[in-house]
Amino acid sequence: MKKAETTYASIPMQKIGPIKITGSIVNENVIVPLATYESPLWPSTNRGARVSTASGGIQAVLVDERMSRSVLVQAPSAEVAVHVMHSLQSRKNDIGRITQGTSRFARFVDIHTQIVANLLYVRLEMHTGDASGHNMVTKAADALVTWMLQEYPELAYVSVSGNFCADKKVSAVNGILGRGKYVVAEMIIPENICRRYLKTSPQQIIDINIKKNLYGSIIAGGVRTANAHFANMLLGFYLATGQDAANIIEGSQGFVTAEMRENGLYFAVTLPNLIVGTVGAGKGLDFVEENLRFLGCKEDRPPGDNARRLAVIAAATVLCGELSLLAALTNPGELMQAHERLER
Amino acid sequence: MKKAETTYASIPMQKIGPIKITGSIVNENVIVPLATYESPLWPSTNRGARVSTASGGIQAVLVDERMSRSVLVQAPSAEVAVHVMHSLQSRKNDIGRITQGTSRFARFVDIHTQIVANLLYVRLEMHTGDASGHNMVTKAADALVTWMLQEYPELAYVSVSGNFCADKKVSAVNGILGRGKYVVAEMIIPENICRRYLKTSPQQIIDINIKKNLYGSIIAGGVRTANAHFANMLLGFYLATGQDAANIIEGSQGFVTAEMRENGLYFAVTLPNLIVGTVGAGKGLDFVEENLRFLGCKEDRPPGDNARRLAVIAAATVLCGELSLLAALTNPGELMQAHERLER
Amino acid sequence: MKKAETTYASIPMQKIGPIKITGSIVNENVIVPLATYESPLWPSTNRGARVSTASGGIQAVLVDERMSRSVLVQAPSAEVAVHVMHSLQSRKNDIGRITQGTSRFARFVDIHTQIVANLLYVRLEMHTGDASGHNMVTKAADALVTWMLQEYPELAYVSVSGNFCADKKVSAVNGILGRGKYVVAEMIIPENICRRYLKTSPQQIIDINIKKNLYGSIIAGGVRTANAHFANMLLGFYLATGQDAANIIEGSQGFVTAEMRENGLYFAVTLPNLIVGTVGAGKGLDFVEENLRFLGCKEDRPPGDNARRLAVIAAATVLCGELSLLAALTNPGELMQAHERLER
Amino acid sequence: MKKAETTYASIPMQKIGPIKITGSIVNENVIVPLATYESPLWPSTNRGARVSTASGGIQAVLVDERMSRSVLVQAPSAEVAVHVMHSLQSRKNDIGRITQGTSRFARFVDIHTQIVANLLYVRLEMHTGDASGHNMVTKAADALVTWMLQEYPELAYVSVSGNFCADKKVSAVNGILGRGKYVVAEMIIPENICRRYLKTSPQQIIDINIKKNLYGSIIAGGVRTANAHFANMLLGFYLATGQDAANIIEGSQGFVTAEMRENGLYFAVTLPNLIVGTVGAGKGLDFVEENLRFLGCKEDRPPGDNARRLAVIAAATVLCGELSLLAALTNPGELMQAHERLER
């Protein structure tokens, strides 16, 4: 075993905040670590962070949370598949019992089904406490499919994971039915702060968001995506906090909003598929534990609250990095000059 | 500055091959490093690697290569935007000169345009030698947009990057017009080897590929994606070789093929958007340099050949990991048991 | 007012069946009218119909049904939007009462929400009896948004339709959450019948379905689509039965399945978004009424049963046309020769 | 043979214009026929038409035109497929000769390829004069695949159409590589005209376009679509002018732009995939011929000019209908009241 070392910076960069969220999981300034090979990410995100502090902080809110895995079975005919589907929908109590029995923190939320000819996809959705929950929900899906094959002997097993989940793959289903934390982070930036820190105007940011993030993503054939570089901040944050960074694929499918308000530029990021955890694989590494502790995400709280806190901090970090890049792009030449200065 | 440490394994795991490609960039056994927090990835990919060796190796081929960046400008009207578009299409020599002048290794390939009302998106595509080429093409795009604003004073600058690029974001354009290396890796697995190593039959792998990777991805609302977990192998490979791992987003948009041939199971992965480089940011870290050297990707070769070699090794690695997971999924319970055994 | 005359043929073409569905809404041979400017559609679909009769008929099943409209409002902040969302989810009885009060046949099914920054999209889903239900659900949405603005004065109106519906537009949401009838039609074709009528083998149809309908649609950047020409049969059927034919857009987002069974080729079409009605706009025209009567869809049945019957007949028609074209495409030159012969 | 009668209105509704386009194919007022079962479409589109006249007319421009068909062949291996692909790219003269030889008006434009494992998709793109060109390009594709199988005996035939075309199916490829006419129609509406005719403000139209057409379509999982109801106007226009209306599927994948200019609201529609023709199937019907003549699209002009004129008129019609619906939606209750008043 060897170690791959990714440098990361945390002090005094990325001092975000204060981030305030409903229920006061976070209401303070936070310093965020980002692990990356792309060093210009640090000063860029940090600039956004300074704007957040100067503007009075970021407001974040959790819309939803669940982790999913879809089992896949086949029936002799579509008619039988539909019959089983209806039966399952009427037996959610049984499904809850079967799936929750596999893990101390797993809580059944719901199932959603799809039928393609005689194939039946059952998407299992669960709360998974402070874990991102990949394994927890796979274990529950294993129990579910075993039980289904017993209860409906006309079914045949195909896969414990049928890609209607959809793990680490671009999809629309994750945003529509939910996977991970669904978080919005928003702030209002007074015009003078926008000009001083970001060297641009609110109107230019509104403009580039519409023309690049919205129309640009649409003509590129994007799906449920309208942002400039959510992926960069997510990768750095995920590596620094021991997450499975392959989940930046669904995580990066999010949206930017920028519009003029009376008191300044309203700027928000919506991340419907932010998969994070504070326990589980990767969380035992020394630097990860230190980082999670530093972020206040290893406290003695009700199950799930540490992960929720981590999610809103991640969203706030994405906001800072996105704001800063969009601002830079409004000025011809600025992006390239920053890269050249910083990478030498 | 601190360090984020990701463990990785390379010996004796992932001995892939021999990988053979046209032009003999690789024609030997290769041992591949994968950096990950998800340790079950190693034995799983390694199982696929053992199958590859037992089956006589992997054949890989490079279909295309280019790196892209799309500038975004606006005209007073659609009519003017179209006029400029036509003019640009007739001035590719000028564009080649302007864009190649920015870097020693940059070679102009082509432009592609899109118009939305009065907005003009110009997607610049270049060869970038052994670099993945993000910065090289941004620098060239900077020169292009500066030149365009001089030559066509009726235009106004919007952004040096208009999301028709599309960097680290899900899209269809990257697969259709090309971004990064377009690689296919394929092999034929005799039935007895399939059964012995993978504990399953060729027909079961063919079956799960159709029902999970094809129909499952389609109903999930995926775009240009049909695989189980390309993202996992790409992330591990990218982190171990100093790549910008946020490019797993486009990299993971690839396809699996499995069909019966006379002499066994034909199994192939197609990765149209594999962004890798052997020089540039991240490549100077000690462990990265060691890994690239170990993979034979730091040799004295014509520009681009080291990166091409790295690309086909990456594709072969993806093939090994994908094959192994699909095989595991055909057996109820196998995936979960492996995770439980390995993560404890 | 003038009349646009679209020729269509009805006798003796497209004799499909017998179509059998659960609950015996259809269990007999059916002759189907198709209105089209593209005359080769008739003999082609008819060939599939003859195969269906020779093979013992088509089995069809209704998976789900609902019509949707999404209202769009904005809150002062994401936090307020989430608060309203949670409140709405706990008041489904109120929403049912408000929305059902607008029409005799409307039955509330469910709501689904999405939040983008401070925007709240509420997708209302209803049963609409024998109507396709566009107007019924718009009327209900009108009542819903009016009520919401009264109950939650912090909200502001944006639109009674927010494109999360999504009417006559390509989307993934319609297939995932349901819009229109979700129907599967399937049959088993003995190999000798396949060869005699379709001049091809089951294996060739299986093969072309995978390579054209699945991989071909995926690389084209399709979303939730895997078929050759569902749109053609739907258009002809919709025009002949007085439907709003613009709904072929979501209707054509469906899937073909072809696989070998012991007793022949299993061939199925899945149409998750088939929007049809037997009452409402267009249904009063003389030829439409005659056609609906002829199809047995103007009988005195419980509300919704006439429309369900129409839906499964539409799906069976799509199956016949799709099967015939795929078969033709397996033989080089056959498609073009048929077009040349028939259009002269 | 029977007739399906679709009523349509043309006088005095939908007096659009004047429409001006580069090269003066249209520069006059035009009265447009729309065939539909949904009668509210007439007054709505007509309202937009009246705005267009009051605002000084619509400016339209043709960005590109081509019709496509993709043949599909398979090679023994990916390596051979790539070899053939490179060979084809160097033999465009041969391909031009082979494909143009099949029809008097066919002009070879380009090919684009895709490789999935050992499958090779070759997308043939041609100019097809005044025809929409489905048959012309299929005939040429037939000749192409026959020639390919002769020249490269290692290839095997799969299909003359491989869904990378992509005909009457949702895709991203049609917008990125082009299929049909690519048209932009734009106008500037003075604020007082906006308020008088549309009972709304420019800002409200800008606002609803962003929140409904852009964000709403994105969260719905749309692909290359950002509009409210292009499909309705296209269907009516297609049926009235003898087009193959199943092409509204790609046709409806277009975008709306609305932004404030000094002299009023800039409002534009972009239709990258507008498939229309003035000759071919359906064009010989009496009412179709009359309509085409009435629209000035049966004149003695160079090949293609009649079809181009028809395309820009179609785009202008879409603009009028889209503008009117968006305006109506900004006023709570207006849409439903209009439907109720008009359908009784």
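First chain written, first letter: the chains are A, B, C and D, and each begins at residue 1.
Quick note on the criterion: a contact is a pair of C-beta atoms (placed from the backbone, for glycine too) under 8 Å apart; a residue touches a chain by one contact, two chains touch by 3 or more.
A quick note: this is a predicted structure, and the numbers were derived from the prediction, not measured.
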(message) Half is the threshold here, strictly exceeded: which of B-D, A-B or B-C has more than half of its contact pairs identical to A-C by residue number?
(response) B-D
(request) Would you mind telling me which chain pair, B-D or C-D, is linked by more contacting C-beta pairs? (result) C-D
(message) Rounded to a whole Å, what is the gap between the Cα centroids of subunit C and subunit D?
(response) 23
(request) Mind checking the centre-to-centre distance between subunit A and subunit D? Centres are C-alpha means, answer in whole Å. (result) 37
(request) Report, in whole Å, the distance between the mean C-alpha point of subunit B and the mean C-alpha point of subunit D. (result) 34
(request) Quick one: which residues in subunit C touch 2 or more of the other chains? (result) 114, 116, 119, 172-173, 175-176, 215, 217, 219, 221, 223, 225, 255, 257
(request) Based on the touch definition given at the start, go ahead and assign the chain network to line, ring, star, complete or other. (result) complete
(request) Flag every residue of subunit B that touches subunit D in the complex, lowest number first. (result) 22, 59, 61-63, 77-79, 82, 85, 112, 114-119, 172-173, 175-177, 182, 184, 186, 221, 223, 255, 257, 266, 268, 270, 272
(request) Within their complex, state which residues of subunit A touch subunit B. (result) 1-10, 33, 35, 37-39, 70, 72, 74, 114, 116, 119, 121, 135, 138-139, 142, 145-146, 149, 157-174, 176, 207-208, 211-213, 215-217, 219-223, 225, 227-229, 231-232, 234-235, 239-240, 242-246, 248-249, 252-253, 281-282, 285-288, 329-330, 332-333, 335-336, 339, 343
(request) Write out the stretch or stretches of subunit A touching subunit D in their complex. (result) 172, 175-176, 210, 214-215, 217-219, 221, 223-226, 255, 257
